[in-house]
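Common to both upcoming complexes is chain A, partnered first by chain B, then by chain C.
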Partner chain A sequence: MKGLLIGGATVLGIVLGFWPAGLMKPKPAWWRWLAIATLAATVLLGLGVPTGGDFRSAIRTTMGRGDSAPLPVYASVVELRADGSAVLRDMTDTTITVSDAARIIADAGAGKGDRVILGLSFNRGKAAFIARRHLFTNPLFTLPLIPGLEERARNIYFHVPCAWLVQVAWFIACCYALLSIRKRRVEDDVRASAAAALGAVFCVLATLTGAIWAKFNWGEFWNWDPRQTAIFVVMVIYGAYFALRSAIQNDEQRARVSAVYLLLMLIPVVFFLFIYPRMVDGLHPGAGSLESQPLDSATMRPAAPPTAGQKDSPAPEKTAVPAPEKKDAGPILSSDPDALNPIKQVIFSLSFFSFSLLFFWILNVRVRISLLERRREMSRAATTGIVPGPIAEDIVRPS
Partner chain B sequence: MEFLADNSMYVTLIIASLILAGLLLYLARIDARLRRLERER
Partner chain C sequence: MRAAAIGFARAIDLSDPQREGAVRSLQARRTGSALSSAIVGSPRKCDKRKQPAGDSSLLPNFEVCCPALSAHVAWEYGAGVSKPFAGQIVASLLRQTLAVARKDFQSELRTRHALNSLAMFVVVTVSVMAFSIGTERITSGIAAALIWVSMFFTAVTGLGRSFIGEEERGTGFLLRLTVPPGPTYAGKLLVNLVLSLASNAILGLMFIVMIRGAEMKAPESFLVVVLLSSAGFAGAMTIIAALIARAGSKGALYPVLSFPAILPLIVLGVDLLRRSMSGIGIAAMADDLLLLGVYSVAIMLAGYLLFDLIWRE
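Here is the complex of A and B:
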């Protein structure tokens, strides 16, 4: 079900990228409205669905933080007491008396039987919860509170699709590179280079957003985590593509050489984005080392110290999902249905779909502009008699 | 930094706005290319 949802959304996004109208003609109005609507839904749901954890996840979260900043806990109100406390039962049927909660619940207009999300602080000395503020009454959907991630768990809807599009862009560029080599059409070269250009934009975005996320989960902006290393290498591969293109003056030669480069680099790009991060130890979920590393339940950090190469940066709190017993493939690819909760699956699929449409929309505009530029250049060359660069035939086919 | 560590929602907001800003910057660039084409007409 999960695979079908996420896979289906991804495939549908790419299919709708090419159909209707392809990359060289304007997309119809319904297509553009679909892109706008799904993007808006991604942002609204991704940022708007409230987080509400259970008591246990809240306690575990405070252990990672060591202070008493309030955490969102989702519970139904069992009883309001005269001393200002309230008896709350969370979704795992844990019942706890929380001080100050009755007043806060009453102030918010909620009462017995309502489901509320309250901001609770956990006092470790007394091992008791204190209510700080009311957040929601009877929310339609809630997201789980993940210790170590908290609201940063939402980044999965924005950072991950960017990184995915880096790969999609290179693959699309390769398809047109192949066509460009076989048919030698200007349009294929334009489409290939535009896809690569947009892929580079998403590569930079994925790297920057990942670095900010890393600062708050792993302690440093840059940790040389395998995925960070990989995206850096891919960025250099992208950069070399544009350096190569700008170094060749002749249009036809540039098309051919850069197409060959795209195809040659397909295997390294796939290797660095998909295989290398799973081979070696790392901080990202799904890294090679996690399958055998049980998480320490008190600190939510791997029980065994991380690899020797790491500095004194904090251990991977990002992996603080329930301790993986089988091979951990990360929350997205994991076969364990609980690894990504159903609401998160829906928002995640939506984000992949909407980011794909956004990608193809920008790509479409970009290709049309490039084609216009090329045509303008050619017509100017025809009227003035100045051909840009040496005539291709002489160089490419010397016979 | 401590504020951001405690209020993790703002980290998410920074990341989402960074993506938006990056794409808007790119949009402005291709818009400039289009305007140059239109001027040459």
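Here is the complex of A and C:
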């Protein structure tokens, strides 16, 4: 189910990127509205759906953090007591009496039988919860509280699609580079370079979202994790590609040389995407190495220590320290259906879909702008008496 | 010379009705080979003896070096020669490769410009490192890193000359006419391989002699690491030199374009070099050595496949 949802959204995003109107004609209105609507939905749901954990995850998070800041816990109100405490039952049917909760629930206008998200702090000395503030009453959806990640888990809806689109852009650029060599069409070169330019933009976005997230989760903006190395290499390749393009004046030569460079760079990219992450330890999920060594603990936060006899549902996602003893495929690629909460699956699929549409929309506009610029140059050259090259006929197509 | 050029032009002009005859006469007069050697520019000593005095004394007999070259070229252009056997073709491609490499070495030995500058670059780099480090005793990790920094910049400085030289001298066109792209690439690769291996070996030895702390505790693994990384350098630099030659010889682009292709070598090689310098044998790091070798071969093969596309006009 999870695979179908995420895979389907990914494939559909790419299919819809190409299918109506391709890359060289304007997209129809419904397509644009779909892109806007799904993007808005991604942002709204990705940032808006409240986090509400169960008692166990709140305890684990508190243990991992070393302070007792309030954490969102999603529970239904069983009983309000006169001493200000309330009996709450969470989603795993654990029932706990929380002090100060009755007053806070009453202040918020909720009552017995309502489902609420409360900010609770766990007092380790007394092993008891104290209610701090009211967050939501009867939310439609909630996201689980992941120890070691908390609200930072939302980055998955923005960082991962960007990183994915870097690879899509790379693939598209390589395909069109190959086509421009084989067919010698100017449009293919325009499309390849536009895809590469957009890939570079998404590369920057993925790096920024990842680096900011890493500062708060791993302690440093940059850790030379294998995936960070890979994205760095891809960025350098894009930079070199555009440096090479700007160095060549002749259109045909530029198309050919830059296409060859892009294809040549497939080898280092394959190395850094598929071989290098398996050679060295990494922080990203799915980074299991052959000889797993524990990571340098000075650079990151300690992970939440697992409490005895506890099943984690949902499994930790992007844990601060990858468990070295077991190979963790990460929440998205894991074969365990419970590894990603169903609501997260939906939002994640939606984000993949909407980011793909955004990507192809910008790509479409970019390609059309480049072609129009070329056409303008051609007509200017024609009016000033400079003979336009043979490419002029290819671009100005009779409609 | 002029007659040879006209004959050759006829031989390659497919619309010329006299083409076949021209190819035959070329073969008969072995002028195709003479034209090939015109790329070399001036004769070798041994050829001067064989040539009659006069105008053609400037043209060495190229077929003394590679007899199958012109036969293969003639067959490719559709002359009335029978198709060579597979073994003959392989032998002929090999000879062409060697001929291209020899041409490069000869023209290099004549001026020694690139060799001298490469050797001096190595000496200067190691001296700068040695004086900067002073009498400090560095760890093998830092020594390996410094050797790799020097190797990278030596490769970037020295290995790009091959194709850029052709474009600068304007001899690329003749090379395209006489030798198919595959052997051209292979010959240039061979030259770069030798240059890279020599400069890296000298660099490594100078480090070990001049810098305290850089010790070669396992010479055989050190040599294997240097050999494999030189192969990778040569593979990456050859195809990128060909690209840059087509980009109008922009020298500043060289480190920029080659860095992503070299980075896997650095990532693998620095650690391997460090381990070999601290005395770990080949068997203990066979996996990583294999990966280094595979990457080097992969980049060479990719270069071979892609070279055709940029070399053709």
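One rule holds for everything that comes next: the second predicted complex is superposed on the first by the 338 of 399 C-alpha atoms of A that agree within 3 Å, B and C clash if a C-alpha of one lies under 4 Å from a C-alpha of the other, contacts with A are read in each partner's own complex, and residues count from 1 in each chain.
Throughout what follows, a contact is a pair of C-beta atoms (placed from the backbone, for glycine too) under 8 Å apart; a residue touches a chain by one contact, two chains touch by 3 or more.
If you're wondering where the values come from, they're calculated on a predicted model, not measured in any experiment.
Peer 1: If we overlay the two complexes on their shared chain A, which of chain B and chain C does A:240 touch? Say first, second, both or neither.
Peer 2: In the superposition, A:240 contacts chain C only.
Peer 1: Using the touch definition from the top, say if A:139 reaches chain B (first), chain C (second), both or neither.
Peer 2: Touch partners of A:139: none, neither chain B nor chain C.
Peer 1: Between chain B (first) and chain C (second), which, if any, makes contact with A:366: first, second, both or neither?
Peer 2: The first partner, chain B, only.
Peer 1: For A:50 in the superposed arrangement: first (chain B), second (chain C), both or neither?
Peer 2: A:50 contacts neither chain B nor chain C.
Peer 1: Of the two partner chains, chain B (first) and chain C (second), which one does A:150 touch, if any: first, second, both, or neither?
Peer 2: first
Peer 1: Which partner does A:159 contact after superposing on A: first (chain B), second (chain C), both, neither?
Peer 2: first
Peer 1: In the superposed arrangement, which partner chain does A:119 touch: chain B (first), chain C (second), both, or neither?
Peer 2: Neither partner.
Peer 1: Please work out whether A:65 is in contact with chain B alone, chain C alone, both, or neither, and reply first, second, both or neither.
Peer 2: Only chain B; A:65 stays clear of chain C.
Peer 1: Taking the touch rule as given, give the residues of chain A at its contact with chain C in the complex, in rising order.
Peer 2: Per the stated touch rule, the residues are 181, 229, 233, 236-237, 239-240, 243-244, 247-249, 253, 256-257, 259-261, 263-268, 271-272, 275-276, 279.
Peer 1: Using the touch definition up top, name the residues of chain B that touch chain A in the complex.
Peer 2: Within the complex, chain B touches chain A at residues 4-9, 11-16, 18-19, 22-23, 26-27, 30, 33-34, 37, 40.
Peer 1: For the complex, give me every residue of chain C touching chain A.
Peer 2: 239-240, 243, 246-248, 250, 253, 256-257, 259-261, 263-264, 267, 291, 295, 298-299, 302-303, 306, 309-310
Peer 1: Across the complex, what residues on chain A touch chain B?
Peer 2: Going by the criterion above, the answer is residues 43, 46-47, 65, 67, 69, 149-152, 154-155, 158-159, 162, 198, 201, 204-205, 208-209, 212-213, 216, 358, 362, 365-366, 369, 372-373, 376.
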